[in-house]
Amino acid sequence: MENTHDSPPVHLHPVQTSQVTATVTRPIMKVNDVDVYYGDFRAVTGVNLEFGLNEITALIGPSGCGKSTLLRSLNRMNDLIDGARVDGEIVFHGENIYGKGVDPIEVRRRIGMVFQKPNPFPKSIYDNIAYGPRVTGMKVDSMDDLVEESLTRAALWDEVKDKLKQSAIGLSGGQQQRLCIARAISVRPDVILMDEPCASLDPIATMRIEDLMHELREQYTIIIVTHNMQQAARVADRTAFFTAQISEGTGARTGVLVEYGTTTQIFEDPKDQRTEDYISGRFG
Amino acid sequence: MENTHDSPPVHLHPVQTSQVTATVTRPIMKVNDVDVYYGDFRAVTGVNLEFGLNEITALIGPSGCGKSTLLRSLNRMNDLIDGARVDGEIVFHGENIYGKGVDPIEVRRRIGMVFQKPNPFPKSIYDNIAYGPRVTGMKVDSMDDLVEESLTRAALWDEVKDKLKQSAIGLSGGQQQRLCIARAISVRPDVILMDEPCASLDPIATMRIEDLMHELREQYTIIIVTHNMQQAARVADRTAFFTAQISEGTGARTGVLVEYGTTTQIFEDPKDQRTEDYISGRFG
Amino acid sequence: MFAGRARPGEAVIKFVLRLASGVAILTTIGIVIALLVPAIGFFREVPVFDFLFGDRWAPRFADASFGVVPLVTATLWTTAIALLVAVPLGLGAALLLSEYARPSLRKVLKPILEVLAGVPTVVYGLFALQFIQATVFREWLQLDTGAFSVLAAGLVMGIMIIPTVASISEDAMSAVPMSFRQGSAALGANRMQTSLRVVFPAALSGIMAAIVLGISRAVGETMIVAIAAGNQARIVTGPLEQGQTMTGFIANAALGDSRVGSLEYDTLYAVGLLLFAITLIVNFISIRLVRRFRQAY
Amino acid sequence: MRSLQDSLAGAPTMPLSTGKRPREQRPAPMIFLIVLWLSLLIAVVFLITLIVNIVLEGGSRFGLQLFTEYPASDPDRAGARPAILGSIWVIGVTAVLTIPLGIAAAVHLEEFADKRHWFNRAIELNVQNLAAVPSIVYGLLALAFLTLVGVRDKNIVIGGALALSLLILPVIIIATREAIRAVPSEIRDGSLALGATKWQTTWRQVLPASVPGIATGSILALSRALGEAAPLLLLGALVFVSFDPNGLLSGFTTLPIQIFNWTGRPQEGFHELAAAASIILLMLLLLMNGLAIFIRNRYQKRW
Amino acid sequence: ALVLTACGGQPAAGDGSTEGAGTSGSVVADGSSTVAPLTEAAADFFRDEAPDVNVTVATSGTGGGFAKFCADETDISNASRPIKDEEAALCEEAGIEYTEIIIANDGLSVVVNPENDFAQCLTVEQLNTIWGPEAEGTVTNWNQVDPSFPDLPLALFGAGTDSGTFDYFTDAINGEEGAIRTDYSPSEDDNITVQGVAGDEGAIGFLGLSYVEENPDSLKAIEVDGGAGCVAPTAETVQDGTYSPLGRPLFIYVNNASYADKPQVKSFVDFYVESEAEVAEAALFIGLTEEQKATAQDELATLG
């Protein structure tokens, strides 16, 4: 092991187009030739992907390759960033979410999101869950029931049922993250996007969330960005590997999809040299 | 690969004492029973370690286990944090750097440091390098020569020799980091500490830095903190694995050294279950 | 080996710097002494109770009396009116700047607001007296009011305080982590809902601090009230009445001159002390609130 | 209530284009936005009215004479020359007194002071408090101080500068601290790790990097001092001065005081002069704020 | 500046008096805000004589001015009433010797809002009814002053307590210096009084004649009946003494030591008295009678 480092520097593959090798049987979302820009800067280019219903799809790749950018464009969260722009189509239930007449707020209600750092509102646990239904004007028979159901699904009910009126800020990191998942569930989305949901958690809390994802998979479609390859291997049905390509002229780094397939295939039999280098820890 | 996750939650090892299994032949620095506190909070406890001359030692472990804290105590950078305190001895060339009469500024000159985020000064490239020699009042025959020498050693000379008067802020991330290494070298330290020096760099820049570390090893002793196990495996002669132990009473997390040995031993034949779990990606 | 160079310069510099920051403490001590000594002289002649609760303020007349209540009522009126203007407008501006405006728009709007805080108060005072009171209130609106009113002074003062309220509450709102807004948006909330239900409550302690600081600005403002609120020390019962505030009294008295040590001179300082005490209390509340919102995230 | 289960079937449910107006554009959010804009616009309209008003009243008197002539009993011959020079003197001395002191105090608090020490905490608390003390109280303080040291005539440049300095010192300290705090700690760490002392780091790295912030804060603070009248009134600055102030002990008057004085005269001409002098003050204010903005936008580093 | 000077009613230079030439130093005057415009005008004209002399004129009110004068803080004290005994005692205590010089005349005018058409002339008794200490809180309406007056609330404005105007008015109308109802708006700034009276239909106030002449649209001076019929305040009635009891002389008090030791003070005061007529005109006051001028010059002469 000592001093074995003599491999040549990695050359980025010259092929620009993304390779889609997976065929998803029951697609719920399709990404058609998507580029994402921040102002003039193209952060991600030419992505084609399909996400399967009730599957967990992991997006992996080195830092800055545009995983978060792509994920945020899936529920139009990028709209909130000045200058962010999406080219191409993202088709959800047969409808382009960037199409005319589409209300981005409705898109976000239907496609929920969980963030890297748990971000409960500084309100009571109860109000955190009730917030979504309230602001979206959801017709709810009993808010109490909805809160209980959401928390139960997020495997948090037993831990918090006696302190629903207490502030959510008092919960541990792992509990906060499950609360955020419960909150996302409360407005009855079809898809849940997760951007490195365990990055700030300790190993035990991470396992809890991973277990929870497996349970949620029965009813939701989950798309998760992760830095942790082991995590992708543990939880995902399919994995998409991205990397950043450096443009020759300007030196700008643009994210591209390198390879997409079942998790087993990506980790055990990668087709692309870059995927293999990354998986085997040769870079990143 | 699908859904294989059913391992029980990891239990932190109850043994508190650090296990030092490596015998370093030519130690340049010794950490004797060091605890580091931030006010009342004990961030790291009971660390015993030796760093070998002209070796690269990697400190690895999950987030928050105190790697950076320990590293900063090796050149008294912790002195600058209000309330930070080091108990125990850190012996460098036979002298306790926390001993009486020791000038911390001299310690820092002799033990240089490179940070996670490249932090060039907002000055010209030339002035960045000349800064250290100037402020430390180093006797220098020709500053130009010293600048050239430092930049050459940091494998940056060719790239910047024509724009020494330009601002360092205009360099790319990888170049900036090499500039910071050149800057650290300029005051002729014996040891260089690096805290995740590649965390913000892309794969190619990372490789450059790793190559550079191998070259520098001939003349300097290097201690590097890294999150990236592959990187540790690639560059380090020895590896120390830390983790955070949760105190039963208070729930406070304190960093401990779990295992220390040659990199080969740590990665291929870990003695401690926690090390193995971490290496194999079972947590973290 | 590590015996460093002696660095006496470093110690001297450190000492000088420390001395410089000690000026802050010296100033406070100076204020307290400067106000307290004459005030003690004053309270030797006028019982504290009569001062604080007396309802007739006529310190310089043959038949003197020293009840500060009339000055306090005028101050309360001008302050309340100023806040009524500054709080809604300031918070509205703050929400606009922090939740809606793009950085480029912010760059334009914030300095304009800052100008409002910088207009010399003499200029404001004349504007209040000659335009707001004389032209707008009396000529255009035909209000039943005299040459001065606490309303005109309070209104203009409110405008002056808008930037104070806006800038501190905007700080508090901007300090609310983006992640809260993202969390809210991801649940299908629109900007208004996010602003009112997430950002506003989360920034509440900072907003309170802004308001409290606004109060201390209003209580301490001098020239506007001295020019436009009137000079008659009387208990003010309505916004269209004139009245003399605490600062108004000090300024007006300063236009004359009193012998050091005379009761008249001491009166100035007794009122100054009361003013200082009020703003001090208000400040402490504000500082605590700010600290709370700084700690929250 | 539709159970959660139903929505998960995966079959296309409600379309995304609901046909209704997007939720961001419904009446309530639109009205809300209009209200927010209004609150800002009211303030701006007010400012414009004020400026127009003053320009209408004082415009005819605004001319060279205002700058070159001394006050006189006849408004047609009167100017604000001593007041302008007095303002320059007082603000200049104030700047010389406060800027170094304010920077030094801020450097101490940010770079050197152990924030857990009671003394430093007391200083911090004091600075915050002083920033909100009414300006007239500073006038009382300066008056008491000058009396204490036995100054006969309190209306002297150094006296006025003292009152204004104490008034804006906390403002400058706070602005400087913010500018210093904006310098990333990485820069400090980088310098210290090379064996630079704290002071070297402060002097060679932190202060140069925070110059724009300090300049901006100082200019705004001085522009506040420029418009202050109340504390100077207490020193008896409401005087007729028909000569150019020429030293620290020279008598003086300032523009705001001159304005106040003129408005107290019976003749309408003086009121116009007051408005004209207000134009000068407003122009100076806009100039200084503009300069501050320019510095802020041009030089402030985004780290 | 020259052209402006020419039409400014300034005394022609070179009328034989070259007393200021070559002197320098400072002259500090303080005191009455009523008299201040006179001293300011004098200082203004004097600058052409002696450009290097710095004259400052502060306005602390007559009482405030004497306080400083007797503390040896000023060279000249402007006064709109003669020095009081207790003030004189203070000066004596401090060893300050001084000389009183009459410098102009003023008609202390009682003014009402221009809309007011019923109050043309008030007797001293009526004024006392309005302003007396016993009126405080009780006399609040014009019809309490005279039943023929309409039902209109009174609004009262006047000089602040530090002023000689205040002292003079209270003495003349209420019979005792400082005795006055306190529920009026006192201001050291007479223009505030102008604003106050102009802004209130039921207003009544008192101030110097110059403010009336300069603000014909805002104020109306009423006639005062001191026992010999209604008299309006004008230059003639003041000079001939028929505007009584509110016609008053204005003074400057000169510190004898300053006059003797400081050439700039001497030349300023000499100039001031000599150009008294032009000064009064420029400052909108009523000049001295021949008799008064002679007195003033005599007083100057005693100073040496």
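Letters A, B, C, D and E mark the chains as written, and numbering starts fresh at 1 in each.
Criterion: a residue touches a chain if its C-beta (ideal position, glycine included) is under 8 Å from a C-beta of that chain, and two chains touch if they have at least 3 such contacts.
Bear in mind the structure is a predicted one, so any value in this text is a computation, not a measurement.
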### Summary
Chains adjacent to chain B and to chain D under the stated definition are A, C
### Touching both chain D and chain E (chains)
C
### Task
Using the touch rule from the top, work out which pair, C-E or A-C, shares more C-beta pairs.
C-E
### Query
Where the centre of all protein Cα atoms falls, which chain's Cα centre is nearest to that point?
D
### Query
Greatest Cα-centroid separation from chain A: which chain?
E
### Per Cα centroids, the chain farthest from chain B
E
### Task
Using mean C-alpha positions as chain centres, tell me how far chain A is from chain D in Å, no decimals.
47
### Message
Please tell me the distance, in whole Å, between the geometric centres of chain B and chain C computed from their C-alpha atoms.
### Response
51
### Summary
Chain centres from averaged Cα atoms put chain C and chain D apart, in whole Å, by 15
## Note on the structure
Flagged in chain B as touching 2+ other chains are 105-106
### Task
Specify, in ascending order, the residues of chain C that touch 2 or more different other chains.
188, 190, 227, 255, 257
### Message
Give the residues of chain D touching no fewer than two other chains, as numbers and ranges.
### Response
23-24, 197-198, 236, 238, 263
#### Entry: Chain-to-chain touches, reported pairwise for every pair that qualifies
A-B, A-C, A-D, B-C, B-D, C-D, C-E, D-E
### Query
In their complex, what parts of chain B are in touch with chain D?
39, 75, 77, 80, 82-83, 105-106, 108-109, 112-113, 115, 117, 119-122, 131-132, 135-136, 180, 183-184, 186-187
### Message
Considering only the defined contacts, which chain D positions touch chain E in the complex?
### Response
65, 68-74, 76-77, 152-153, 155, 236, 238-243, 250-251, 263-268
### Message
Touching residues of chain B toward chain A in the complex: what are they?
### Response
1-5, 9-10, 62, 172, 200, 202-204, 206-208, 210-211, 214, 228-230, 233-235, 237, 244, 262-264, 267-268, 281-284
### Message
Per the contact definition, I'd like the list of chain C residues that touch chain B in the complex.
### Response
1-5
### Query
Can you list the residues on chain D that touch chain B in the complex?
114-116, 184, 186-198, 200, 204-205, 209, 301
